[in-house]
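Two complexes come next, and they have one chain in common, chain A, joined by chain B in the first and chain C in the second.
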Partner chain A sequence: MGGNSKDIKGFVSRNSIWLILIILILAVGVIQPKFLSVGNMVTLISGEAVRGIMAFGVMFAILSKGIDLTIGSTAALVAVITASFAQEADYANRYFEGGKPLPAILVILIGLAIGVVIGAIYGAIIAYTKIPAFIATLGGQLICRAGAKMYSDSPISKLTESYRFLGHAKIGPVPVIIIVFFLMFAISAFLLTQTRFGKNVFAIGGNDQAARVAGINVERTTVLVYVWCSFCAALGAILLTGKTGSATPASTGLNYELDAIAAATVGGTSHTGGICRASGVLAGILILGVINNGLVMLKVDDNMTNIVKGLIIVGSVILDMRKNAKRV
Partner chain B sequence: MQQEYVLEMIDIVKEFPGVKALQGVTLKVRPGKVHALMGENGAGKSTLMKCLLGIYQANSGKIIYDGKEVHFKNTQEALNAGISMIHQELSPVPERNVSENLWLGRVPVKGFKVDHKKMRQDSLDLFKRLNLDVNPDAKMGSLTVAKMQMVEIAKAVSYDSKVIVMDEPTSSLTETEVEHLFKIIEDLTARNVAVIYISHKMEEIFRIADDVTVFRDGCHVATEEAKNLDIDKLITLMVGREMTDMFPKVDCPIGDVVLKVENLSAGTAVRNVSFELHRGEILGMAGLVGAGRTETAEAIFGMRHITGGKIYKDGKELHIKSPEQAIKNGIALLTEDRRGSGIIGLLSIIDNTVIADLKKYGFPLNHKKMRADTEKYVEALNTKTPSVDTPIKNLSGGNQQKVLVGRWLLTAPDVLIVDEPTRGIDVGAKAEIHSLLSKLAGEGKAIIMISSEMPEVMGMSDRIVIMHEGLMTGILDRNEFDSELILKFATSDEKYVKEAQ
Partner chain C sequence: MKMSKRVLACLAASAMVFGVAAPALADDYKMTVIMSSRDEFLSTLEKGATDAAAEIGGIEISTQDANNDPAKVLQFIEAAANAGEDAVIINLVDAETGAECVEAAGDMKVVFVNRCPSDTSILNENVVYVGSNEMTSGGFQGDFLADYFNEKGQTDVKYILLQGTLGLVHTTQRTESVLQHMKDGGLNIEEAAAPLVADYDRATAQEMIAPLLTTTEYDCIIANNDAMALGAVEAMLDADLDPASIPIVGIDATADGIQAIKDGTLAMTVFQDPVGQGMGALMAAVNMLEGKEFTEGTSFSADEENPYIVWVPFEPVYPDNVADYEK
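Moving on, here comes the complex of A and B:
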């Protein structure tokens, strides 16, 4: 009974976000053909990679009916600490006077470990005290940002090329940061659909009581969600400092959590929990990227760009909710 | 001149994408009478009522109310016209007090100011009129579910409606409150109010209904006066086939003790409960709301902190602190609150089936095997679903319950605890669940079945544990089963002493 047309309809409905992305790209491209150049696409994706990776983290928190507002500040803290260990030996204003930079791989591991520890701490607070994730991570945001500023009151720059490899280098024509971005997409998608962890997060977001009765360790899973989220933030910090070549305690990663949450949301992750697709979030990231990059190319002023972004965020959720309501 | 019908719904059609929920049904309600609406889940009873109340708009058909054709666009219009409804699912505002809940959306005002004094007095008057013992200043959330339901009933009555729809009003009421509700219904009908009564409980229908309309699969099957019907006839009309065996309990050999509970206590909810459970046995648990049966199950399953006593399985003492550990030890619990702690609505049948036993599927997860196992249980339990990828919330209650049973069977438990396994599900699915439980016992599983339905608990159990307010007041063997006896020990702290053989 028209099964085929139903399948197509279902496919389009499930992937409507990609359709929106394509329309947006074409629309900007028609007005400004330079937008469609390979060079610009590389710039666009490199520009969104850091926020995108953070979105792949925060989508797990949102899926579990939580949120993570700490991301940007965690990134700042990780950024200043790793940067301080990765400054060139001959630089005059070294954070550690004298001394030599640590091997890049060690610095990166330290940075990721800091992220994991921070995530574990507030993950545990959320899981075991049951306070809302919004509150716990709002507090964490202030504390981490203050921590970054206490660690250093000025920007830390002149970082070694080996440390900057992930954020700055290219393999052939392709920036490493883009490779890392797509790798993180693949890993998130894998975690989400192919592992027990992913299924458990879906269950907790869908109905945490039922998840508990079904034998899921809700607390442990919640801690892992924020560990992952914070890990992504730390990786973002390493890419960001590598890309820009410096870490600034007051501004590195500022408001990145909001961009990440926006991308995850536009990508169809439901704030009432239980709905998330990695491919949707990828599209969400790219949509915001097209707006960030494309509207600049079209010389739209900054305020107008933000208005468009705001409308897209709100509009996408309205559409999603209607779509989900219809399935009842 | 008195009209014959206060409400006529004629040829109502309601379509949802892909489903024809109502295929031209008719319902005619006489004033001052109780009209029971019967049918299996999914038959279209609630949908029809939602069309009446303006929650849904019918695709076609006529609604004639009080002699005039009406089209309510929302509940407010229906309420203003004199049609109110008590919903099956309560929607209280738990942090506000009773009187604010009662007059929600229509608080009396003096100028711009809410008239709290009048609101309180009106509440008192209403409760007095209905002979209800509820404090209007109490926080709604502090009331028992049964009291909340009574407040909900009072609220519906307070609109001075001509038609009141009651959708499963007694599902969370105790016997005394049910009696009270029937008294209220009597008063209402005496004042010429028509009551549309939806319930699965046959005894209730035959106690209070004047007329009975039966739906099946969105179609009108019959409308009869209740006095011309009996239970068998009614069930046949509802399911469209003869239901010979509602409680297909087969005697099967009772094996060794699997689970032994010794002086189990959990705060004041469970006090010194002791029993043994054998392989192949169905142990019923009877009692009223608040008897501590659910709490006992939760304590065994690691959901509730144990304050005293011991639990042994296969002779070994257990120290279970979480459902995770309980499942590892071969215990499963099908909870009472299917929506609250059973199904994960947005997720597919597959995800809902495998979620309690994901370890089995390795890393990365073997999706093929997950699908195959789910399909196996869907078939074995005769679950009706378009596909195993359908979100579970789209299924009817009975089919959701079957998916959950499948979830637990997948964990291959030795002890299966089922808490009100057939609450709110239709007769057909109910009989299937009964025969399934019976079959599982036959395969050597040990089953604890908590049930508030006397015929169910008596029909299905090998032995019955009776509880009252946290205390175990007795254990009856099958030959001692007697509903009066059970009720007696379910309503007092007195202990049942077996007669000398």
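Moving on, here comes the complex of A and C:
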């Protein structure tokens, strides 16, 4: 019996984040019942999908005791480049005057490839020069944003429906973006728990010296972490441009890395490395979604929304650190 | 030896940064254009100024991007003053910093463009402002909505407002003037939701308005710019609503905004003339240096009360005149 109650306690403690999410949803729902409608839940999740996918990327970086600040800028660069290849042929303000849009699948593959290459570059810089990830990715952030602005000085829009499919289309009542989001959740959870790569990242985050002694190729794993992170950013960019129908060099993805880091953090990913659960990060994303969506519906002022967000981010980390300290 | 090499390298680097487009002549005017940031509109404005300079000839002009940092604006002004330039054209990041900019400019002529210093008493024969009167931009939106609802015979109107970045003068004026003109047009207006602050950004606006579209009653959507109006259009399409079913109004007449009016998804927008503002600012700088009227060589006119303000007019854009604004 005693063991049983301990199990329950452990389960609740491990999943306290979901409890917080449910309480939040109910609280907003009681005040504004329309919040709970299926339509609004679809709106909520599709609104968070892009940042959510980025969070699934950055959680690997945080788990390995790193960070990725380039996400939003990588997204901007991928967004403007892919969008420029996907504009309708008859649009007067085309980026490539008089050209034709490339097939969507090709454009998307180009975008993802750009993401992978960018991630490999700064992943290699972090792994082999040993400079802090914070610095390497801060540099990357500036360079990618500038690259996006150099590529185009104005928004690129009128994109083909086939390019916008992932971000914009619906299959029946379900937006494709939501399907992509949950698919990416499943893939990252699988990567994290079921593959050697995931286990290696856990090991590096826990103690990189021990990981090295245990025969893990720390450098290669680190590069792969940032490749994955950047891949998620590129996919996010394609969804975002699909959803909004426009890629804006100066503002697309601006500060998205911070939202992604916040979601991963609220979801219990430890910045001291070695602790991360994909389900927790999913809950973290949804909590931020409830705040973004719900507080608008409750007619709460924008500044207040950000104050609540800030409190939740800090509060959740304090809770987590105490919990993890107890466990040790 | 080592030192001097370093100094040379620094000089070479700064020469690149503050590089000039045209070869220098003895009686050239030297100017720097300082932009708050480089979005579509401001880039067009910048080009309006540099193109005008190229057309006049004999003007060395360089441009800087302050990346929305007021401190950088001041740094660029000081650098231009130290380089002995003749004039600066400033697109303010923070309207409150106008006096500091004038002080930093020293003997240089100063033209503020697009964003007016909040304290207009700092303007004088050496410091002028060239821009568009934001009270009229929102006014055109308000008049349009008043006419639209009066024609329908509806006086109680609920609106959703998508606001730009708070604290910027033009955000406040656009919002104030659209609401005032709706009231003046005899409408009984009520806000359907708390004002959404979407920072002039399309994606942010789309995200913020999405939860309201199917859960709130509203008769029209007012946006402080086209990007946010288009975000609202996308959100409506996402929710399987017809954006043409209610009037959605924007400001700026960007290429995308014009296209949306042609598509019928945007009801109207207001054209702000970026090329005119850039050109007007450059002409004002040149005219000041040559001791002429600020507006000489342009079709613009000075404000009736403050002679140091030059207005570049706004123009409303509807489906029936949209063809005039296609680029």
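One rule holds for everything that comes next: the second predicted complex is superposed on the first by the 327 of 328 C-alpha atoms of A that agree within 3 Å, B and C clash if a C-alpha of one lies under 4 Å from a C-alpha of the other, contacts with A are read in each partner's own complex, and residues count from 1 in each chain.
Everything that follows uses one rule, which is that contacts are C-beta pairs under 8 Å (C-beta built on N, C-alpha and C of every residue); 3 or more make two chains touch, one makes a residue touch a chain.
Quick caveat: nothing in here was measured; it's all calculated off a predicted structure.
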Simultaneous placement of chain C and chain B on chain A, clash or fit: fit
First (chain B), second (chain C), both or neither touched by A:Q194: first
Chain B versus chain C as contact partner of A:G66, first or second or both or neither: neither
Chain A residues touched - chain C or chain B, whichever exceeds: C
Arrangement angle, chain B at one end, chain C at the other, chain A at the vertex (C-alpha, nearest 10°): 130
Touching partner for A:A203 - first (chain B), second (chain C), both, neither: first
Which superposed partner A:G115 touches (first chain B, second chain C, both, neither): neither
Contacts of A:R212 with chain B and chain C, given as first, second, both or neither: first
Chain B versus chain C as contact partner of A:G284, first or second or both or neither: neither
Which of chain B and chain C A:P101 touches, first, second, both or neither: neither
Partner chain(s) touched by A:G274 [first = chain B, second = chain C, both, neither]: first
Partner chain in contact with A:G236 - chain B first, chain C second, else both or neither: neither
Closest Cα approach, chain C to chain B, once both complexes are overlaid on chain A (Å): 31
Contact residues common to both interfaces of chain A (with chain B and with chain C): none
Complex contact set, residues of chain A against chain B: 190, 193-196, 199-200, 202-203, 206-207, 209-217, 274-275, 326-328
Residue numbers on chain A that touch chain C, as the complex places them: 32, 34-35, 37, 39-40, 43-44, 46-47, 91-93, 149, 153-155, 157-158, 168, 175, 240, 243-246, 248, 250-252, 254, 292-294, 296-297, 299-302
Of chain C, residues touching chain A in the complex: 37-40, 43-44, 193-197, 201-203, 206-208, 210-212, 214-215, 227, 230-231, 234, 238-239, 254-256, 259, 326-327
In the complex, chain B residues that touch chain A: 17, 301, 303, 322-324, 326-328, 333, 335, 337, 340-347, 351, 354-356, 358-359, 361, 363-365, 391, 393-394, 407, 411
